[in-house]
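Below are two complexes that have chain A in common, paired first with chain B and then with chain C.
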Partner chain A sequence: MKPSLIIDHSFGEAYAKRLGVAPWRGNLPGPKLEEWRFTPLRSLAKIAFTPATDDVSVDAVPRAVPLIAGAVRLVLVNGAYRKDLSSADPGKGVELSHGKVAAKDGSSLVALNAAYAPSSLALHVAGAAKKIVHIVSISAAGSEPTALHPRITVTAEAGSSVTLVESHVGLPGETYFSNPVASITVGEGATVRRYVSVDEDSAAFHLATSLVKVAGGGTYEAFHLGLGGALTRQEIRVALTGENANVRLNGAYALSGASHHDFTTVMDHIVPNCASSQVFKGVVDGESHGVYQGRIHVARDAQKTDARQVHKALFLARGPAIDCKPELEIYADDVQCAHGAATGEIDPDHLFYLAARGIDAETARSLLVEGFLADAVNEISAEPVREQFAADIARWLKARQ
Partner chain B sequence: MAVTRETAAAVRDVEQYKYGFVTDIESDKAPKGLSEDIIRFISAKKNEPEWMLEWRLKAYNYWLTLADEEPTWAKLHFPKIDYQASYYYAAPKREKLASLDEVDPKLLETYKKLGIPLLEQQMLAGVAVDAVFDSVSVATTYKKKLEEMGVIFMPISEALHKHPELVKKYLGSVVPYSDNFYATLNCAVFTDGSFVYIPKGLRCPMELSTYFRINEKNTGQFERTLIIADEGSYVSYLEGCTAPQRDENQLHAAVVELIALDDAEIKYSTVQNWYPGDADGKGGIFNFVTKRGACRGKNSKIMWTQVETGSAITWKYPSCILQGDNSVGEFYSVAITNNRQQADTGTKMIHLGKGTRSKIISKGISAGRAENTYRGLVRIGAKADKARNYTQCDSLLIGDKCGAHTVPYIESRNPTAQTEHEAATSKISDDQLFYCLQRGMTQEEAVSLIVNGFCKEVLQTLPMEFAVEAQKLVGISLEGSVG
Partner chain C sequence: MALLEIKNLHASVAGKEILKGITLALEPGEVHAIMGPNGTGKSTLSNVIAGREGYEVTKGEVYLDGKDVLDMAADERARAGIFLAFQYPVEIPGVTTSAFLKTALNAKRRAAGQPEIDAMDFLKLVKAKTAVLGMPYDMIKRPLNVGFSGGEKKRAEVLQMTMLEPRVAILDETDSGLDIDALKVVSEGVNSLRSPERAFLVITHYQRLLDYIVPDHVHVLANGRIAASGGKELALELEAEGYAKYLNTAA
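Our next item is the complex of A and B:
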C-alpha cells in the first residue's frame, strides 16, 4: 500500500501519555489512498483531540435513543461500559465480558482503536438469544475536543442466533471523534442480525469499522443507517469463510446541512456456494455529500458465488454531491455477480401523480423519499427495529421541512 | 463443466499471432535513450518550428519531475520500464516519395500481408489511407480529392509546416503536456501521427483511416493524432494496428486529441491487434494510450468505438469532455484478453454543459490467465443540468484462471442529472451451449456465435470495413478454443 498519509495528527505521544499507554505509531489514511479518495480527513487532522476519560458525568441515556420493545440495553460512555446505565441481565444465551483489545491488523483506524480502546464489550452467544441486545454508544466530549475508541466484539457460537441493535449518539458540547470497531464472528450455522444507527452531533466525526467473518452455513444480516455528523464513515468488511454462508448487508443514509457520510463495503467471497446481497439507498439535501463504495471480491475458488449490489441516491436540492464506486473483482468463472448504481432527483411525474390526488408538494416529497428509502429499510427482518428505523427516517424528514 | 474446461484449455493455446513477421528495412535511428539532445534531434529531423521544440522541452522537463509518478492505480502488473533502453526515433530510410511506385517494395509486401493493399486503395472507393510505418508517414493517398473539398488529412509533421496556426491552436488543448506520465512523455518525443481538419459544414465523404505498425526493433511508438471537426462537419476516422512478433516488450504511448465544434460529429473507431506476447506472457506490446475528445460546441458529438484484442498491457481510457450544451459522448468497447494479457480500459465522461448525454457500453471477455478490467468515470458538474448517463458493463469469463473486474466511478454534483450504471459478470451458460449443439452446431461455432452475440451491441457501431475485421478478430481469438 502506498503510504500517502496525513502525518500531523494528534494521536501520538501527548495523547498516549494522558492515557498512560504506549503511543500509536501509525498514520491516518490520506486522500491518495484509493479507499479514502472520496472522504478526505484534512478537517479531522487539524483538530487536537484529547483522550476521552471516564470522569465525564453522564447520568442518563439521551432521550433521543429509542427504547426498543423487549430489548436489553447495554450502554457505553466514551467506549467504557456503564453498568449503572445498562439493564441488569443481557438475557439467556448471551454472556457479557470485558477484555483487553487484541491488536489487529487491518486499517490504520483499527490499529488506532486497538492502541487506545479502554476495553472491549464482548458478547458471547451460545444458544438462541430471546431478547434483542441494544448497545448504546454515547460520546461525551465535555469542554475539549475528544477522541474515543469504542470496541465491540461479538462471537456467535455454531448454531446460535442473536439480534443486535447499535445506536451511536453524542451529547452536546465540544466536537468529538468516535472511532468504533466491531468484530463479529458468525459461527457455523449461526445467525447474527445487526442493525446500526449513527446519528451523531452535526459537528462530530465518526469513522466506524466493522470486521465480520461468516462461517459455513452462517447468516449475517445487517442494516446501517446514517443520519448525521460532520464526517461519518461506516466501513464494513465481510469475509465469507465457509460454504453456504449467506450475507445480506443493507443500508441507508439521509443527509442535510454539511454532513458527509461514506459507506464503504468489502464483500470477500473466499469459498464456493455463498451468496451476498447489498441494497444501499441515500438521500442528500443542503450541501451534504453522500459516498458509497462497495467492492465485491470473488476469489479463484469461490465458484457458484451469487453476489449482488445496488446503490441508488436521490438529490433533494441543488448543492449536495454524490460519489459512488461499485466495484467487482472476480477471479472465478462460474458465478453470478451484478451491481447497479443510479443517481437522480425525484421524478416530476411521481410528484404530479400525487399532486393530482390532492396531496401537497411537501407531503408528496416526503412520501416519495420514504418510499425510496423503504426499499432498503424493508430488508430489516426484525420488525420492531424496522419500525424504529423507519420512524427515525420520518423524524429526519420532518426536521428538514 | 467439462465444456468450460475444454474451452478454457483450448483458448489457452489459441492464436498463433498471424501478423508476426519483421520487415527488413534499414532504419534511420537516433541513439538509444532519452535526453534533451534526443528531443532536439527529433525536432531537427522534422525541421520543426522553434515553438514546437520549446513545447517538447517543456514537456520533457516536466516529465523528469514525474519520475515517481508513473501510474500504479491500474490493475496491471509489469516489470518497471527502463525508458533509457528504448529508441525514440526510427524512420524508414527513404522518406520523400513522389508516388506510390517509389514505396519500398518490401514495405508494400508488409502491408499486403496485413491485408492493406495500398496500391488498390484508389479502387477501393471510400477509404483514404495514411500509412504510418514506424514513426514517419511514407505514403498518403486520396489526398488530392480530399484537398479539393477543403479536408486537411496529412501527417502531423507536415501540418506543422503547412498549417501551423491550426496545430498551434489545438495541439495540447485537450490533453495538455502535463496531463499524465505517458502523455507527457509523448509530448516530448512524439514522432508523427495524423492531422485531420474538416471544414465548416462538410460531411467528409469517405472514411479516413490510418494503419499503424510498429516495425523497427526496440522502437517505442509515440504517435500524436489531432482531429478537428469545425462547425457542422462530420468525420469518421478508423485506426487499426498490427505489429510483428518479437520477444522484447515494446513501449507504445500515443496521444489522440479530438475537437468537435458546434454541431460537429466525430466518430473514432479502433481495432487494436498488436502482438499480445506468447502463451507464457513473454513479449508483447505495452500500450499506454491517452485518448480524449472535447465536445466544445453545442450539439456536438464524439463517439469512440474500440475493439481491443492485442497488446500484453493495455492502459487506455478514451474520454469525452462534454463542454457544449446538449453535446453527446458515446463509448463502445470490446476488450478480449487471453493467455497472460492484461487490459485496464474504460472511459471518462465529464459532463459540464447543460443537457449533455453520454452512453457507455463495455464488453470484457477474459480467457486463459488474463486480467480484464473496466475502469470508468462519469462526472456530472454542478452546471450540467439535465445531464444523462447510461452505463452498461458486461464481463464474460472463459476458464477459471482468468479475472474480470469492473471499477466504475460515478460523481454527481447536479440534482437534475440522471446517471445509471449496471454491470454483470457471468460465463457462457451451459444452457446456451446445449441449445446450439442440439441444433447441430459444433462447440466452436456455438462459442463463437455466443461471444459474437455478446459483443454485438458494440460491433454493430463499427463502420462496415472495420466490422468485418473485428468480427474476424473475435473469431480468431476463439478459433480452436473447443476440443
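Our next item is the complex of A and C:
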C-alpha cells in the first residue's frame, strides 16, 4: 500500500458493475501528495458513492442558472448530454459530437473520469464562433450519494475563436461528487475564452481538472469562479506549446460556512516568447478554507518568458484559513517572472469612510468585498459574462447577510 | 434651537484627553470656522462629531436638531444630516465612484422614506453636479479616489456633499494639499451650498481658505478648548500674530 494514496474508496468493482464497465484500478490522491496537502479527501473517501443513473428525472434547467444574453446552451445532466434541454443549434462555427473518452495519462482523477464518463461532449471550433457557448452541468443525486464524471473536449482550430461559459450546479438531494474533466486545445493563432462558475450544493464535492494546451500565437483567457460546495477544487494545468502563446488565467472565490475551495494551477512554459498572467482573489467567511497553489514552470528553452501570478485573500471573520503556495521553477535565464501574495482584513478606515456617507455596515462590507474581487472579475473580457459573474458574487454576499 | 449644539464636550484617544470641554452652537445658515495650531484637537473634534471609532467621549453632549448625536452610529449620523469632508479621503480600489455615490444617496433616501433613485435620474443628477464643480463626468467611472490628485479628491468630497445635501457639513482641513485654483473651485462648491437651512463647521490651520469661504464666526482651538471666539476679523489677526498667545494663556 502506498501511503500517499487513499485506497479506501468506493470506485472499484461494485461501482463499475453497476455501470457495466471495467473497473478503475486507481486510487484517490492522498494528503501526502504535495499537490493535495491542503485539500484532504478523507471526508470524500468515507462516502459510498453510486454511479449517477437515469432514474433521476430532470426536466428543466434550474432557475439559478443564468441566461447569458446571446448564448446557446448545452446541458449535461450527471455528465450525460441532454439534447432535449439544449439549444437546437450550437451556432455557426461550432460542431458538436459525442464520443467515448479515451483513457489518458494524467492524475488519478482524470483516469477515474476516463473510466466512468458516459461520453465526452466535444466541441469543434472552426472560424469565429458567432455565439457564446454556455455549457450547463447539472448534478442530480437520487436517494443515494452519487458520483458523476462529466467530460468536455474543446478543439479550437488554427485561427478560430470561441467564448465558452460553464455553469456547474446541483439539485437539492443527497450529496454528490462531481469529477469533471475539460480538455481544451487552442490551435495556432486561435482564441478561446472560457468562464467557469462552480456553485454547487453546500454538501457537495467538486474536483475539476482542466487540461489546456495553447499552440503558437494562440490566446487562452479563462476565469474560474468558486462560490459553494463542501469541498471544491479547480485544478487548471496549462501548457504553452508554441511561441507567442498568451494565457490569462484568473479566478475568484467567495466562501462561507465550512466550505473548502482549492485553486491549483500549473503554468508550463515550454517554448520561448510566451506570456502568462494569473490574478486570483478570494474572500473567506465563517470557518471556510481557501487554497491557492500556483506553479509556474519555465523550461530551459523558454527564454523571454513573461509569467506573472498574484493571489490575494480577504478575511471577513477570524474563523477561516488560507493556504497559499506560489512555486516558481525557472530553468531559463532570460525571463520575467513575478508572483505576489497577500491576505488582509477589511480596512476600518474604508468602513468609516462609507459610514460617514450614511452607508450601513453590512452594505459597506458588501461594497468593499465586491470592490476587492473586482480586480479579478474585471479581467473577464466578455461583458455579459463579466456582469453575470459580478451579479453572482453580489448574490453570494446577499445570502451571507 | 441651534442646528448643531456641542455642550462641554470632552473626548480622549487611547486614554489621553484631547478635547477638554468644547461648547459651540451652530445656528442654521451659519458658517463657523475653527482655527488652531496642529495637535490641539481640531481633527479629533470632527471625528468625534462624525462618530469615528477609537474616540471616547468622557463628558458632554452633541445635538443635531435636538437629537442626541452621540447615541447614534456613524452611518446613522450621516443619514441624519451630518457630513464630514475628510482631510485625507481614502482610496477604495474596485468600488467605482458612481456605485459609491448611488449607494450613499439611496441609503439617505431610504432613511427618509423615499424610494431609491432611478438609474437615469441618478446619472442626470451626477452630470449636473459634476458640471457645476468643473469635474469631468467620466471621473465617476473611476474607482473611488484611486489615483485622484489632491485637488480631485477634495472636489470629489464636495461632489458628495452636493449630492447628499447635509444639514451640517464639517470641512476638516479641506484646504490642505490644494493649489489656489483648486481651492477656489472647492470654495465655490461649498459656497453654492450655503443656505438658510444648513450650517458649516470649517476646520482649518490657515486663514487663506476663509478668504473664499467667509465665516460668520471664528473660534480658536488651543489645548482642547475654545480659547477665543470672534468674527471673521479674528482670522486675519491670527494670520498676522500666530497662535502663540493662545497657547500661553491656555498653558
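Keep in mind that, in the parts below, the second predicted complex is superposed on the first by the 398 of 401 C-alpha atoms of A that agree within 3 Å, B and C clash if a C-alpha of one lies under 4 Å from a C-alpha of the other, contacts with A are read in each partner's own complex, and residues count from 1 in each chain.
The rule we apply is simple: a residue touches a chain if its C-beta (ideal position, glycine included) is under 8 Å from a C-beta of that chain, and two chains touch if they have at least 3 such contacts.
Just so you know, these numbers come straight off a predicted model, no measurement behind them.
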Is A:G70 in contact with chain B, with chain C, with both, or with neither (first, second, both, neither)? neither
In the overlay, answer first, second, both or neither for which of chain B and chain C A:A356 touches. second
Answer with first, second, both or neither: which of chain B and chain C does A:G127 touch in the superposed model? neither
In the overlay, work out which of chain B or chain C sits against more residues of chain A. B
Would you sort A:G257 into first (chain B), second (chain C), both or neither based on which partner it touches? neither
Quick one: classify A:L367 as touching chain B (first), chain C (second), both or neither. second
For A:D334, decide between first (touching chain B), second (touching chain C), both and neither. first
Once the two structures are fitted together, what part of chain A is touched by chain B and by chain C alike? none
Once bound in the complex, which stretches of chain B touch chain A? 1, 4, 8, 72-73, 380, 382, 395, 397-427
The residues of chain A that touch chain C in their complex are 347-350, 352-361, 363-364, 367-368, 370-375
Show me the residue ranges of chain C that touch chain A in the complex, using the header's touch definition. 50-53, 73-75, 78-79, 83-84, 86, 89-90, 92-95, 99-100, 103-104, 107-108, 111, 143, 160, 164
Residue ranges of chain A in contact with chain B within the complex: 2, 34, 300, 303, 313, 315-318, 320-345
